[in-house]
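There are two complexes below, and they share chain A, which is joined by chain B in the first and by chain C in the second.
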Partner chain A sequence: MNDFLQPILNLAEPLTSALLALLVVLAIAWLRGRPWTARARRGAFVLVVALFFAVYYLVRGTAAGARWLAAMNTPFAAVFLTVVLPAMHLPRNKWYRLFLVWPVLLVAIAVVSVVDAYRAVPGNARGFHWILVRPVWLIAGVTATLVLIQPLLRLATFRRVVRGTCLVVLVYGGFALRQSYDDYQAMLARRKDAVQDMMLLSETSPVMQHDDRLAYLPSAPCRFTADGGYVQGCNLEMIQRLMQVNLGAVGRRDPSAIGALSIILGALVVFLVFCFATGRAACGWLCPLSTLGDVLNWFRVRLGLPHYKPAQPVKLAALFSGIGLGSIALAMAKAYPHLDAEGKFAGCKIPLYPFCKICPSQQVCPVAAHGVSAYAGLPTWDWGFGFFRAACMALLAFFALGFIASRRLWCRLCPMGMIAGLFNRGGMFRLAKDAGKCNQCGVCADVCPMDIDMVRSEMTDENVSSFDCVLCLKCVEKCPRDECLSIEHAGAKVAESQYQP
Partner chain B sequence: MRTGRFLCGLLSLFFGVAALAAETADLRLLPAPDRFFEAAAESAPNTAPPEGEVLAFGLFNDPRLSVTGIDRIAVMTRDGTQIPLAVEKDSVFYEFDRIVSLRFYFLVDADLADDAEAGLALSWGEDVAASNSEVEKVILDPEARSRIRAFQWGNADLAGPADTQIADIQVIADSSAGYYFLWYLLPMAIIFALLTIRKLAVRRASE
Partner chain C sequence: MTDAKQFDERYRLNPRRSDDPGARKRSRFVAEQQRLLQSDLTRRPSNIAFFEDLLTDPGRPDDKPLVGYFCNMIPIETIIALDARPIRLGCGNPALVQQGEEVLSGEICPLAKASFAAFLDADNPANRCDALILPSSCDAKRKLGEVLADYKPTFMFNLPPEQDAKRFGAVAAAEVERMASWLSKRLKRRLRRSALLEAISHTRRRTALIRRFQEARSAKPAALSVRDFFVIIQSAAAGGDIGAWLAEAEKALTEVEAYEPTRRRFRPRIVLTGAPMIWPNFKVLNLIEEARADVVADTLCTGAESCFDPVVYEEKGRKALMRALAERYVFASPCPCFISQGTRIARVLDLVQEYRADGVINYGLRLCQLFDMEAYRLSRILKENKIPFANIRTDYSLEDTEQLRVRLEAFLETVEKD
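Let's look at the complex of A and B:
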């Protein structure tokens, strides 16, 4: 089937470009502000996309241009452009019903792709329980399914379904959803030495690590999850890689250093485009670490424990702790090109990915995926100083406490979310409030997992987006005043408060 | 009506632009270097040209090479006849789903191989359609050395040994490759500029 679809996929390759995703959201936002007729807007939109396709084909015609473009291509962009954006922006009329044919088709293609991959497995090797599916079809099929079921569910239920699905794909996908039978066999070979698979980054292989591209999400899908996880990892893994690049070798124009730098920069562009297009929504909807943390929060609620609302100094302390820890770890990653034969820098042994050694995700995600036997183990004291072991234990305790005693206290410290948070004001999502309809009842502040009070207290500015907001939309969902709170994307209203007791 | 014509024009533009991606280089045949036959010392040879024909073998890694499949590369004679290629399966090297290096051989008449004006040409690109095949590891037969050649493409200096020419080409043709990574800074700069502008606009609206 892949051979049959390949010519179509080649022609549609510009759709996988993160640059097109950026252009399209900007075009939508710009066109919404024009006093033009709907027809003129549609024409201008088609023209913009057409010009991008033409320029893309022209640049792709040169080898260097083709590689430059390819590093910024990702199946996430194609799914975002053809499934997520129309689902958010199309008015719910006959055109939306017509659009739904596309997700149905994508689900069908994903199913056929799975069957096709399974049929290619040698007869005597069938009978395993893993699903073989190429990442592009898995992402398309899963997203299309979510778009199809969304009208049938309440917002709270839909959010749980999305988070559960992302947890399964990002934490369990490394060993449950391999992209081909060869990939599955390679995974089995790696699993013969589970300790090696967990601990040695160079030996793990995320499902989406192929053809030199790296796929990162602005959340915490840990790279150390069993079998390497589904995507390459979180944005801190990417920035650590960037820090590890030997700039001296780049200056000497060493092809391997330049190749590594190009691949990371390509992934960074994709990451920034998605931060710009979605802000911190990944924290509220995708991040497996916060989903696992919310399970702890669920226990707190069931046990009847009161939740602690951190005061402003505590919030600031968490923020600066996160910035400080992230900076120290990134500075250590910079030592990588200068390690001696024993892996030491200035007499101290430094791990390959210093931040990963102190991140709770490296402890939590593997256990969630493979049970206690997959526990990664704390760093030992032989690092030369106890920073990693002590920091890891402290942050693990803070993570558990952050969700048991409070709600998402951890997410204030998380450096992954901080980067995406920069795009909350100025990015494409905007949490808007009609102050004329607000009675400052405080429900929005009560349900907010980040304990943001600004949505309640702000009565002059229509834009109530803030750095901390994870765009979970609980405030919009629970607001008792119809059309008081709304979430907008590129100028279009995606959801608004409609009180449901 | 006007909209239809406009869209037709745009579609023509797409496909016209997409069809422009093709490259061509002259092809010359040189005496086979010793390294072609080193593998025969360890394994039994499995490749030799039939009588009356010459086998041309080599690694093709032109910096401009970037194609989606082995059928996007063709060797043509002066009169436009296409010569099928046998591509060594394990030598095909991909970067971002595109072939950037591969080793192959093809057979030509002995007369044609010895003719300096034969006009053999190598074409590659997305509008090239060939019927090439894949073969396992090629182990050339030293006994047929007189009928085996190394192919060379482009304007490389023919004075030196063939090994050196093949190894040198990427460096000569892609001298600015060391700066390509800077291109990624352009979209990043655009994103941060947009973010700054939009943040300022939000701040102005709030005041």
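Let's look at the complex of A and C:
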């Protein structure tokens, strides 16, 4: 099947460019503000996209251009552009059903791709090897399925389904969703010692690592999930890699250092584009760490126990601890090129990924994926004179307590979310409030897992997005006033409050 | 929780009664008169008698305790959850005003006087209550509690002065909790969370019904007279069984939604705001409809607004539910007893826009300073928004009916559509 599709895929390659995703959302937002006719706007939009395709093909003609463009290509962009964006922006009338043909087609291709991969399994090894599917078709198929079922579900149910799906893909994808039979076997071969495997990064390989490209998501799909996980990791892993690049070697034109830098820069561009396009939505909808944490929260809710509403000093302390610990750990990653044979820098033992060493995700995700046997234990006291062990224990405790007792207090500390949070205001998502319909009853502030009061109190500015907002849309879902709260993407209303008994 | 006494036990008085058959007769006559007036309406739901009977006398279908309450700011879900029947005691019977006046004072608003007078008559449904709950929503209510405490076990529900959910949210939730525990001690029943959740789902269904009524009426005002609509709404709080009410209201709603008007309606569309209009005192409603105008929306705490806001909860813990009740009953309320009138003004402006109203009528109850004071700023803001506005200040008596009719007709002429 792949041979048959190859020419089409070649032609459609600009669709996988993060730059096109950026251009398209910017164009949509800009065109919405123009006082033009719908036809003129459509024409301008098509023109912009056609121009991009033309420029893309031209630049791809040059060797260096092709290399740089390829670094910024990702299947996520294609799926975002052709499935998610239309689902958010197209008006929900009868023509919407026509668009739904495309997700159905994608699901069909994904199914065929699985069948194809199973056909390629050698005859002596026939049997169950989980789901063998190329990442691009898996992402397309899963996203298309979600878009197809979305109109049938209430917002709360839909969010639960999306979060569950992302958890499964990102945490169990490492072994259950390998690319092909060979890839699956390679994973099994590496698996001999799960703990050892996870600690030696070079030994693992996430499903989406291929073609010198790294796939990062603006949230916490942990790198240390058993068997390599599905994507490369979270945005902090990416920044640590950036820190590790030996800039001296880059200055000396060392090709390996330049190669490493260009891969990271490509991934960085992709990451920033997605942050711009989706803000902190990944925290509320995708992050496996918060989904796992919410399981703890769910037990508390089931028991009917009250939650702790964090006081302002606690919130600020969480914010500054996150910034502080994050920057210290990221700065330590700079030591990577200067580590001696014992892994020490100036007599201090420093891990390759210092932030990961203190991040609760490294403790939680492997256990979630592989059970207690995969637990590697806390970092020993000799790492960084005990800094890593102490910080890890503190953060792990804060993670558990934050989710059990205070909904999403952890997310106020999480540096991964903070980076995406910078795009909450000024990015493409906007939480909007019609103050004329608001009676400040306080339901939005009460249901908010991040304990944000601004959605209730703001009565003059229509934009009520804030840095901490994870765009979970609980406030939109629960607001008792119809059409009072809404979420807009590039100016288009995606959802709004509507009372249901 | 220690239940501190709200009233000084040393100065309890013997309840005063007055057995005045004349007053009883007059009040029954007023109610019959209003029923008769509404029976002339061209289109009425076939089961409207069910709602009217509830309002006239809910009776006591079973031996569940009755809990009387005033205003729209008492979380009735707690009462329902304690397996009692809530009954709203705000009284609109003009015949009782004078009786109350004779005992209390003439310079109190007619609502407070009439509501108090209901307790003078031992036969009045108000006297069947096992407990009373009053919010401190105005000066008259604040003091009425102490007066009524001589008659019935009474709880004063303290409202925060400002509708600032961040500042007063916890205080209001604690007050709801205090009220609930007082009541459960009084009724010797335990408040179970599951019962509270069930009661909330009942009132949420009521909200959904009222909102559908509202949509249907706004699209085709001829389908249901606002007076019948108010009867349906107010009978929900008349002490009957909420399940039965829901079933009957659903039936009435089906009829209203099924109605297809045969011709366009040219009557002016009015948004009504201001003081509560309580059955059978539908004087102003009668006048508006007789002057051929449609009330398409209202912010009255005895109108659609009383059931418009649902209780919304995210967590099901007792504390969280108390908070949710406080949010709905205290912070969503457009009552003028709070420091800012922003909630009500915003609501009026929004209703005018949403229901394409041609004008706003503010109903001020004589001797109610809160609504009177608010009328000034409301009128200026509406004028700035170029919305025709009429302020009508009256009381329960029928003396000024014809003057009001002239004023209303003149106002409606200015908003008349061509």
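We adopt the following convention: the second predicted complex is superposed on the first by the 499 of 501 C-alpha atoms of A that agree within 3 Å, B and C clash if a C-alpha of one lies under 4 Å from a C-alpha of the other, contacts with A are read in each partner's own complex, and residues count from 1 in each chain.
The rule is short, and it goes like this: a residue touches a chain if its C-beta (ideal position, glycine included) is under 8 Å from a C-beta of that chain, and two chains touch if they have at least 3 such contacts.
Here the structure is a predicted model, which means the values were calculated and not measured.
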### Query
Does the chain A-based superposition show chain B and chain C clashing or fitting?
fit
### chain C, chain A and chain B - angle at the middle CA centre, rounded to the nearest 10 degrees
150
### Message
For A:Ala311, using the defined touch cut-off, is the partner it touches chain B, chain C, both, or neither? Pick first, second, both or neither.
### Response
neither
### Task
Applying the touch criterion given at the start, work out whether A:Leu22 contacts chain B, chain C, both or neither, answering first, second, both or neither.
first
### Task
State whether A:Ala445 touches chain B only (first), chain C only (second), both chains, or neither.
second
### Query
What is the contact status of A:Arg456 with respect to chain B (first) and chain C (second): first, second, both, or neither?
second
### Task
Would you check which partner chain A:Ala12 touches, where first means chain B only, second means chain C only, and both and neither mean what they say?
neither
### Task
Please work out whether A:Lys437 is in contact with chain B alone, chain C alone, both, or neither, and reply first, second, both or neither.
second
### Query
Should A:Gly266 be classified as contacting the first partner (chain B), the second (chain C), both, or neither?
first
### Query
Who does A:Tyr499 touch here: chain B (first), chain C (second), both, or neither?
second
### Message
In this superposition, which partner touches a larger number of chain A residues, chain B or chain C?
### Response
B
### Message
Once both structures are overlaid on their shared chain, how near does any Cα of chain B get to a Cα of chain C? Whole angstrom is fine.
### Response
20
### Message
By the touch definition above, which chain A residues appear in both interfaces, chain B in one complex and chain C in the other?
### Response
none
### Query
Where on chain A is chain B touching in the complex?
6, 10-11, 19, 22, 26, 43, 46-47, 50, 53-54, 57-58, 60-64, 66-68, 70-73, 211-213, 250, 253, 255, 258, 261-262, 265-266, 268-269, 272-273, 276, 422-423, 425-427, 460-463
### Residues of chain C touching chain A in the complex
163-166, 169, 193, 201, 204-205, 207-208, 211, 309-310, 312, 314-320, 323-324, 327-328, 331-332, 334, 342-343, 346-347, 349-350, 353
### Summary
chain B residues touching chain A in their complex are 3, 6-7, 10, 13-14, 17-18, 20-21, 63-66, 68, 94-98, 100, 126, 174, 177-178, 180-181, 183-185, 187-188, 190-192, 194-196, 198-199, 202, 205-206
### Query
Which residues, counting only chain A, touch chain C once they are in their complex?
301, 303-307, 435-443, 445-447, 453, 456-457, 459, 474, 478-480, 499-501
